[in-house]
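By letter and in written order, the chains are A, B, C and D; residue numbering begins at 1 in each of them.
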Amino acid sequence: MKAGVIGAGRIGKVHIKNISMYVPEVEIKTVADPFMNAETEEFVRKCGVTKVTKDAEEILQDKEIEAVIICSSTDTHSKYIIEAAKAGKHIFCEKPVDYDLKKVHEAIDTAKEANVKLQIGFCRRFDHNHRGVYDVVRSGKIGDVHMIKISSRDPEPPCIDYVKVSGGIFYDMMIHDFDMARFLAGDEVVEVNAVGSVLVDPEIGNAGDVDTAVVTLKFAGGAIGMIDNSRKAVYGYDQRVEVFGSKGCVRNENDIPNTVIVSDAENTSYANTYSVMWDRYTGAFVSEIQAFADAVVNNKETPVTGMDGLYPVLMAAAATRSAREGRPVKIAEVE
Amino acid sequence: MKAGVIGAGRIGKVHIKNISMYVPEVEIKTVADPFMNAETEEFVRKCGVTKVTKDAEEILQDKEIEAVIICSSTDTHSKYIIEAAKAGKHIFCEKPVDYDLKKVHEAIDTAKEANVKLQIGFCRRFDHNHRGVYDVVRSGKIGDVHMIKISSRDPEPPCIDYVKVSGGIFYDMMIHDFDMARFLAGDEVVEVNAVGSVLVDPEIGNAGDVDTAVVTLKFAGGAIGMIDNSRKAVYGYDQRVEVFGSKGCVRNENDIPNTVIVSDAENTSYANTYSVMWDRYTGAFVSEIQAFADAVVNNKETPVTGMDGLYPVLMAAAATRSAREGRPVKIAEVE
Amino acid sequence: MKAGVIGAGRIGKVHIKNISMYVPEVEIKTVADPFMNAETEEFVRKCGVTKVTKDAEEILQDKEIEAVIICSSTDTHSKYIIEAAKAGKHIFCEKPVDYDLKKVHEAIDTAKEANVKLQIGFCRRFDHNHRGVYDVVRSGKIGDVHMIKISSRDPEPPCIDYVKVSGGIFYDMMIHDFDMARFLAGDEVVEVNAVGSVLVDPEIGNAGDVDTAVVTLKFAGGAIGMIDNSRKAVYGYDQRVEVFGSKGCVRNENDIPNTVIVSDAENTSYANTYSVMWDRYTGAFVSEIQAFADAVVNNKETPVTGMDGLYPVLMAAAATRSAREGRPVKIAEVE
Amino acid sequence: MKAGVIGAGRIGKVHIKNISMYVPEVEIKTVADPFMNAETEEFVRKCGVTKVTKDAEEILQDKEIEAVIICSSTDTHSKYIIEAAKAGKHIFCEKPVDYDLKKVHEAIDTAKEANVKLQIGFCRRFDHNHRGVYDVVRSGKIGDVHMIKISSRDPEPPCIDYVKVSGGIFYDMMIHDFDMARFLAGDEVVEVNAVGSVLVDPEIGNAGDVDTAVVTLKFAGGAIGMIDNSRKAVYGYDQRVEVFGSKGCVRNENDIPNTVIVSDAENTSYANTYSVMWDRYTGAFVSEIQAFADAVVNNKETPVTGMDGLYPVLMAAAATRSAREGRPVKIAEVE
C-alpha cells in the first residue's frame, strides 16, 4: 500500500521513520510539508522516501496513494480529512481533529460517507502499560468497572506562547486522559467536574490557563473517574492509570530506563521515569501506525475511530466550562 | 498516671491491651462499660486492670484518675468529654466527636476552658506508612504541596443496619480521609465536590447511601485533593496516599504480610494487603495512645486536637450536601 | 505451664518479655542468672515474674517447673540441657547447642532418653518472610527444589574480642544460614565448599577469621545451595532467600520500616531495611517461643529438634575445614 | 564504512537488520553464507544489502570492505579472524572465539599484529540493566567490590543434539556469565569451583553434561563471585546480577513486558520476564554493534577485546575440570 504523509514536523518524522522500519506493508511515496527543507529531505530520503513536496495537493491528487497520514498543524486537520476522504483515501490523523465541534462532525461525516477508514492519533491506547491494563479490564478479571484513576503529569510546562493558543490544559494535555478514561471504562462520560489551580508558574495563570487540574468524571453506567494533571513533575513524565472493579484492581507503574536498584548507607533508590515523551511512548507510536496499516490492509475497523476523536473534545469543552463556572457540567450541555 | 477507660467494646479493648503492653507511664485503674460481662472482665483483668464497673461515673468522679479514654458509642462522646473536662481530666476520645456540629463545638470549648488535653482518635496519622509520607512532606523534600490523592477502600461493606444509622459513607468512612488530607496538606479545605454511586450493593442505595465515592477538595492555598472510597475491595483493605509537590512526589504502598514473591509458569505474584483493619493499623493504635500519654505526661499539645476533630465533620457535611445537590459546596456553607 | 529461664542477658530478656506478652499458656516462675542485678530484676518483675535467683539449680530442682528456657552462655548449653532433661523438664535452648560435637550428641541423647521435648533456637525458621518461602516450597508450587540461595549480611562486624573466641564466621554467623538451607531444602547436605576473604577489616584476618564468605552446598538429592555472608552491609541487615525449582522460583525481599516511595529530580528512593537484628526478627522470636509452648502443651514434636541443632554445627565444621584446606569437604568427614 | 557479514543465520540476521536500522555509519556491502537461499536473500535485500554470496572469500578479498562481522559457526571463527586480520579488516566476531585455547591465542595475536580492531560478541555487556549495574560499580558509589552474584537461567534446555556437541553448560551457557563476572568485578579470576547436577532432564546427563550448575569464583583482589545456571526456568529467561561492596549494594531485576499489576481476591500479580532471549537482549544487540562501529570509525579501543574473548574460555575450561574432579581449579592450571 502506498501512502502519503502531510506534515513533516516532529510527529510526522516519527511516523515516517516508524513506517519505514516497522510497517513493511506500507510504502511512503510522498511527504508534503509547506516548510520542506534540505534537512527534512535528507531525513525522509534515509527513510526510503524519494518524493518530497511543499504542496499537500500532490498527495491528495495522486491516484496511486491509498492512505494519508495527516501530521500538519491542528487547524488544517479537518480540511485535509475532508479532502482526503473525498479523494477516497484512508486517513490517519493526529489528535485533535479540531477544537471546533462543527468541523469535527463534518470531518467524521465526510469520511463516513466516502467509506474510508479514519483513525485518530491517540497513541497512548497502544502503550504497552496502558494496553496491558485495558486487556485486564476487558478480560473481565476485575469484574465491573467502579473507578478509574489517571495520573498524567508532564516534566516541564510548554512555552508560554504555546499556552496562550493551545486552548488550555484540558484541550492540549488532558485530552489524552479523556480518551484514556473512555478507553479503559468502555463507557461514555455524562458529566464532568473540573478544578484547576495555578501553582507551577504564574505566567500560565496570566495567560488564562491553569497548570494543575483535577477532573472528576461520571460515566453513564455509574462508574466514577478521576484525572489529575500537572504541567511540571520534576521527576519525569508521570503516566499511570488504575482501574478498580467489583472483582479486583489493576494498575500500572511508570516505565523506567533500567531495573537497577542501589542500596547505600542512606537509602535504596532506582531510576526515575523518562523525562521525554518520545522515549516513554516509543513503542506506542509504532503500534498505532501498525494498527492503522492493519485496519486498512485487512479492512478492519480502525481501533480509534472518528467518534473517538470527537468525545475527548466534548469532555475538554465541558471541563473548561466547569473550571470556569465552578460547577459540574454535563456533556449534553456542550454537544 | 492513672487512667480510666469508658467503653470496653472492640476499640476499647485494643486501647486497654496496648496501654498495658506498650505504655508503661499509664496505669488503667478502672474500665467502665454499661454492658460489662464476665468475658470482658476476664480480658481486662489479664491486662492488669482490677476495677471494672457498668457506671462511667465511677471513673469521672474518681479523683485519682487523671485521664479518660472515651471509647463508648458516638452519641455519648460529647457528653463524656464535657463531663471529664469539667472534672479536670485529660481526654482521649474516639472519632468522631459527634455529627452535630454544635455538640462538637461545645465539647471542644469545655475542654479548652477546663485547660485539659483533648486528643481525637484519628489513628491513621500514626500509621508508619502515612506518617512516613507526612514526614517527607514536612521535611520540604517535595517542595510546595500541589496535589493530594487518597485511596481508601474497605474489604467489605458494613451491615445494612449500620449503614442506615451511620450518617453515610462521608461521615463513617471518608472522615478518616478528610483528616488525612488536612494532615498531609498542612492546610485547610475551603470547598468540596462529591460524586457517589451505588455499585457494590443496591441495599446500600436503598438505605439512602452510596458505596463508591470520589471527592475533590480545594485547599485554601490552591492545592487540590482527591479521595476515593469503595465499600468493597475484594483484595483487601486498600490504603494508599500520594502527595505531589513542586520538587517531587511521595507516596506509599499497602503493607503486606510478607515479602514473598513467587514466579511460576503463569506469572509472578505476591501477597495481598491485609483484609482486617486491626491488622493493618496495629502499630497506629499503639502509637496514638503513646502520643496521648506523652502529651499529658510531658505537658505537650496533643497531636490531634479538638479542632482536628471538628474539621473532618465539616468536610463530611459539605461532601454529603455536595453529593446530594450535585454541586461543589464550600465549607463556609456548612459551618 | 510453669517455666524457668536460665540466663537473663539480651536474648533471655526477649524471651521473658515475649512470653509475658504473647504466650498466655506459659507462666515464668523463676529467672536465674549468675549476674542478676537490680536492673534485670526490675525488668523481670515488670514482665510479671516474681522470683529471681543467681543459681540455675533453683529452677532445675523446682518440681513445679515443667519447662526450661536456656539462654545462658554457649559453653553451658549442653550441661543445662542434660541436667534439665534428667530432671524431666522440657527444654528450649538457644543455638548453638555446643561446638563440640560429642557434647551435642550427649545433650540430644539425654533429652531423648528422658523423653522430654527439646527445641533449638533457630528463630529465623519462624520469620514471616522465610516461613512464607518455606510454605511455598512445601506446597509443591515450585516443584522439586533445584537451587537454594541465601544472602545473609550483618550491618556491622562484631567486636574483635568476640571474633577471637566465636569459632569463626561459619560457626557464629553462617550457622543460621546452614539451618535455613536445610529447612528450605527439606534435604541433608552431603558436601560443603567454602571460600573466604578478609575485605571488611584486616583485624578480623589477624584474629584468624574471614569477614566475607561464600559457601556452596551439595544436597543428597542433587540440589545445590549457595550462601553468602558479609560482616558489613552498610545499608542494613540484609536477609534474603531464594528457592528455584522445577516449576518456578520463590524468593523474598527484606522488610522495610515503611512503604514510602519518594521521587525527586534525582531518583526514586525508599527506606533501607532494618539495621538492628532485633527489629528485623521481632516476630520470629515471638513465634518460636509460641511454637515451643504449643509443642509442650499439646505434646507435638518441636519444630526445631535436637538433630536440627546438630547438623548446622557439622556444616560449620566442614565449611571451616574447607576454607582452610581449599577443597570441598564432605559432611561425613567431620561427623 | 563498508562492511561484510559472514554467516547469515539467526544472529547474523539480527546484526544485519540492526546495522541497517540503527547504525547509519556502516553500510553492509556483502553478506556471505554457505547455505545462502532465497529466503535469506530476500531478508538481506529488505535490509538494503544488494550483494549476497555463498563464498566468504568474496568479502575477505574485497578491498572496499573495511570491517567484517563474523557470525558463522564457532569452528570457523578463528580461521576467519585470522584471514580478515591479514586482509587488514576490522573484526567483530561472535562469541566464543574458539574452545581451543591455542586457536584463540593465534586469532588474537594475528589481529594484534595486523593492527586491526577486534571485538567479541559478549552482548550482555551492552544490556541496559547489566550496564546500569556496571556504571554504578565503576562510579565508586558502592565502594570496593566484595561479592558478585549472577543468576542466569534459560527458559528451556537446548535440543540434546546440541548438548552433545556444545562443549557443555560451562562453555555454551555460563561463558556469558564468566564474561559478566569479569566485566562487573573489573578484576581477573584466579580460581574456580564448580558444582553441577542433572535435575532438569536425565538425557542431558546421558550426554555427559549437567543442567544445573553453580560456580564460585575467586578474584585476584579477594572478591568472591557466584554464578548459578539452570537450563530450565519455567517462568522465563531469568537474568539478574548483584554486586555487593564496601559502601553498598547494586542489583537489577528482570525486564518485564509491561508494568501492569493486578490484585484480585487471591493475590497481586504481574507479568513474568521474557521467555525469548532475543526479546530480552534486543537493545543489547543494537548497542554492541553501534559500539563496534564507533570503535572503528573513531579509532577507539573496542569495548570487548580479544583478551576478553579468551578469559571466559579459560574459566569454562577450569569450571569443567572442577566439576569433573570435584575440586577447585586454578585458572593457571588450564592456561
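To be clear about the criterion, a contact is a pair of C-beta atoms (placed from the backbone, for glycine too) under 8 Å apart; a residue touches a chain by one contact, two chains touch by 3 or more.
The structure displayed is predicted, hence computed values, not measured ones.
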Chains touching both chain B and chain C, listed by label: A, D
Chain pair with more C-beta contacts, C-D versus A-C: C-D
Chain C-chain D separation of Cα centroids, rounded to whole Å: 42
Centre-to-centre distance between chain C and chain A (centres being mean Cα positions), rounded to whole Å: 58
Touching two or more other chains - residue numbers and ranges from chain B: 234-235, 247-249, 263-265, 271
Parts of chain C lying in touch with chain B, wherever the complex brings them together: 21, 24, 46, 128-129, 131-133, 136, 141-142, 247-255, 257-265, 271
Chain A contact footprint on chain C (complex, rising order): 234-236, 263-272
Residue ranges of chain B touching chain A (in the complex, touch as defined): 144, 146-147, 149, 151, 153, 193, 195-200, 212-214, 216, 218, 222-224, 226, 228, 230, 232-235, 238, 244, 246-249, 326-328
